Amino acid sequence: MSNAFEEFRARRESGNTRVLDTESLAIKRFFALDKQVYADGALSTREKELLGLVARLVLRCNDCVDYHLERCVEEGVKRAELDEAMSVAMMVGGSIVIPHARHAAKSIEYLLRDA
Amino acid sequence: MSNAFEEFRARRESGNTRVLDTESLAIKRFFALDKQVYADGALSTREKELLGLVARLVLRCNDCVDYHLERCVEEGVKRAELDEAMSVAMMVGGSIVIPHARHAAKSIEYLLRDA
Amino acid sequence: MSNAFEEFRARRESGNTRVLDTESLAIKRFFALDKQVYADGALSTREKELLGLVARLVLRCNDCVDYHLERCVEEGVKRAELDEAMSVAMMVGGSIVIPHARHAAKSIEYLLRDA
Amino acid sequence: MSNAFEEFRARRESGNTRVLDTESLAIKRFFALDKQVYADGALSTREKELLGLVARLVLRCNDCVDYHLERCVEEGVKRAELDEAMSVAMMVGGSIVIPHARHAAKSIEYLLRDA
Amino acid sequence: MSNAFEEFRARRESGNTRVLDTESLAIKRFFALDKQVYADGALSTREKELLGLVARLVLRCNDCVDYHLERCVEEGVKRAELDEAMSVAMMVGGSIVIPHARHAAKSIEYLLRDA
Amino acid sequence: MSNAFEEFRARRESGNTRVLDTESLAIKRFFALDKQVYADGALSTREKELLGLVARLVLRCNDCVDYHLERCVEEGVKRAELDEAMSVAMMVGGSIVIPHARHAAKSIEYLLRDA
């Protein structure tokens, strides 16, 4: 069991509720657009989630990485594919990405524990 | 009660003490200059703290965000103003800023709990 | 005369035309939202343009800096205010921001040439 | 004709020659590894080049964007797919990515001029 | 005693094991190259570890900072030298580096506790 | 001859003059401190300039890289040492650093043309 991943899920949910409890229409629209971007289109949702994952890895945000890892797994992306996506992120982003790859590897283990 | 915010305060204070316990004059001067920059001038301290907040959000540093949120609240910045500053930061910095907006929303709730 | 600034204006306009000549609804909506964020609200457009300027400076993008400098000047921001905004950006973002401050100073000179 | 793209090609080639004219084995190995990462594997070269493109867009490097755009086009990626990849990069990386999207749109126009 | 530093060591070791438990040859080679880069050469290992430390500080990654602090101390770098390296990182990277300097100061205290 | 390097020198000088033509005491102090940081101390100026160079490379700013390359050469740093510093920057910062390594290699060629 990875308490870290469940803590992320809880933190994300309660945090989003707080952020969206706002008068700012721009924030609400930003969140709405953030969902639409990953919809099936010329590229599939699966492909876009992989793009999102690599973008988050090179920008080095663990919570964002966890979110896209979960979405990738839901879209059927396999462990070997996730590892190769990570290898691209490491190459582009450098060894500074490694701590996030360590975090990701732990999350992947949790997400695929019954696979 | 937000233990997270009080933990930040304690971590910041003990950390600054350690950093400033140094022979390096450059570090001491850097810290001194970091205070002077936010002084009232052509722009008010309140305006500069808002600038500092948005700069920290797009550079994605929770401890820095917490510090400027506290200073903004001390300068009388309102919740709706903080939210709009966050909307600018999200737009400029992208969805990678969202986890920091979630963190900020929790800190704002704590800082304004008696408001 | 700053040819550099006029070149930026031309590059921005022709580039935006190309980017928006797309089937991607997400891109069109992203551009639309990017305008709405700076509308008068709890914070004024003037204040938000200053926030945008500092965000662009610490993220170190000359074209973005030029755009917000122009908008700030349109909103009546004065030279001394722009300089103080730059001092906040330098302090937060470090000496790596200086080349962009040099670029900005040249653009400000051009934008305020008749002031 | 886009002289800008041809200038990038020439700058890249002469620059790589200079960088690789070195005693540093680490630099040579880094360049070699940078090629291997995009080889067909669990993910296809086409998929990895798209990942590389988005990583470069959010890290905001025009020369890198141009390189991966060229590789994507060689791998048969279509304009609509490139646009959707850009929409993901914008959403994750924010409006600070827009100047690089403008640059990319110009390069795409050149690369697909006979398509 | 700094539990934080020991927790980093454990997290790093278990994380690296997970990351390297992969079919991706690129990831394994990336890790191997990451060691070779710091070998004695035209610059000494000690000098390269200091370079690595400052690079990690300006890129703002605490786990990476901890790793290079430990390596620097193993190479005989003194407290006053570490402080001056930090002053360069602060100056280049700005006040956004300060929270990482606070983290580093705590790790240094732990690493040099018997010195 | 590298006109690019001489153009950088001219751009830097005229730009600094403009930036320092300001009422902002904070900007003047920031520039003054930026010089003091590299003074001989526990670490030598030569060592600090190398630290500055690598920090600029991983933060990816060509003008800053050029400045520190010039200073390193003035301090007697050799080509092989510069190359190893670049290898550390590439490893930490990833392939996104390569275009800046290409730029640096050209500047080094110019700076060492009579060596």
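For clarity, chains are labelled A, B, C, D, E and F in written order, and residue numbers in each chain start from 1.
Going forward, contacts are C-beta pairs under 8 Å (C-beta built on N, C-alpha and C of every residue); 3 or more make two chains touch, one makes a residue touch a chain.
Keep in mind it's a predicted model, so treat the numbers as computed, not measured.
Visitor: Any chains in contact with both chain C and chain E?
Guide: Neighbours common to chain C and chain E are A, B, D, F.
Visitor: Among the chains, which has its CA centre at the largest distance from chain C's?
Guide: The most distant chain relative to chain C turns out to be E.
Visitor: So chain A and chain B are the same sequence; what rotation in degrees superposes their CA atoms, nearest 5?
Guide: 120
Visitor: Looking only at C-beta pairs that count as contacts, which pair of chains has more of them, B-D or A-C?
Guide: Of B-D and A-C, it is B-D that has more C-beta pairs in contact.
Visitor: Of all the other chains, whose mean CA position lies farthest from chain B?
Guide: So the chain farthest away from chain B turns out to be D.
Visitor: Interface overlap for chain E and chain F, more than half of numbers shared or less than half: same or different?
Guide: Homomeric contact, same residues on both sides for the most part.
Visitor: Which listed pair, B-D, D-F or C-F, reproduces C-E with over half its contact pairs identical?
Guide: B-D
Visitor: Centroid of chain B to centroid of chain F, CA atoms only: how many Å?
Guide: Chain centres of chain B and chain F, defined by C-alpha means, are spaced 30 Å apart.
Visitor: On a C-alpha centroid basis, what's the spacing between chain A and chain F, in Å?
Guide: So the centroids are 36 Å from each other.
Visitor: Where the CA atoms of chain B average out and where those of chain E average out, how many Å apart are those spots?
Guide: 26
Visitor: What's the distance between the Cα centroids of chain B and chain C, rounded to whole Å?
Guide: The mean C-alpha positions of chain B and chain C differ by 23 Å.
Visitor: Which parts of chain C, given as residue numbers and ranges, touch two or more other chains?
Guide: Within chain C, residues 23-24, 26, 30, 33-34, 37, 41-42, 55-56, 58-59, 64, 80, 83-84, 87, 90-93, 95-96 contact more than one other chain.
Visitor: Quick one: label the inter-chain contact graph as line, ring, star, complete or other.
Guide: complete
Visitor: Touching residues of chain B toward chain D in the complex: what are they?
Guide: That would be residues 58, 90-97 of chain B.
Visitor: Note which residues of chain E are touching chain D in the complex, please.
Guide: Touching chain D from chain E are residues 23-26, 29-30, 33, 36-37, 41-42.
Visitor: Help me check something: in the complex, which residues belonging to chain C touch chain F?
Guide: Counting only chain C, the residues touching chain F are 60, 80, 83-84, 86-87, 90-91, 95-96, 98-99, 101-103, 105-106, 109.
Visitor: Can you check the complex and tell me which residues of chain B touch chain E?
Guide: 11-12, 14-16, 18-19, 21-24, 26-27, 30-31, 34, 55-56, 59, 61, 63-64
Visitor: Okay, in this complex, where on chain A does chain D touch?
Guide: Residues 33-34, 37-38, 41-43, 47-48, 50-52, 54-56, 58-59, 64, 78, 80-81, 83-85, 87-89, 91-93 of chain A touch chain D in their complex.
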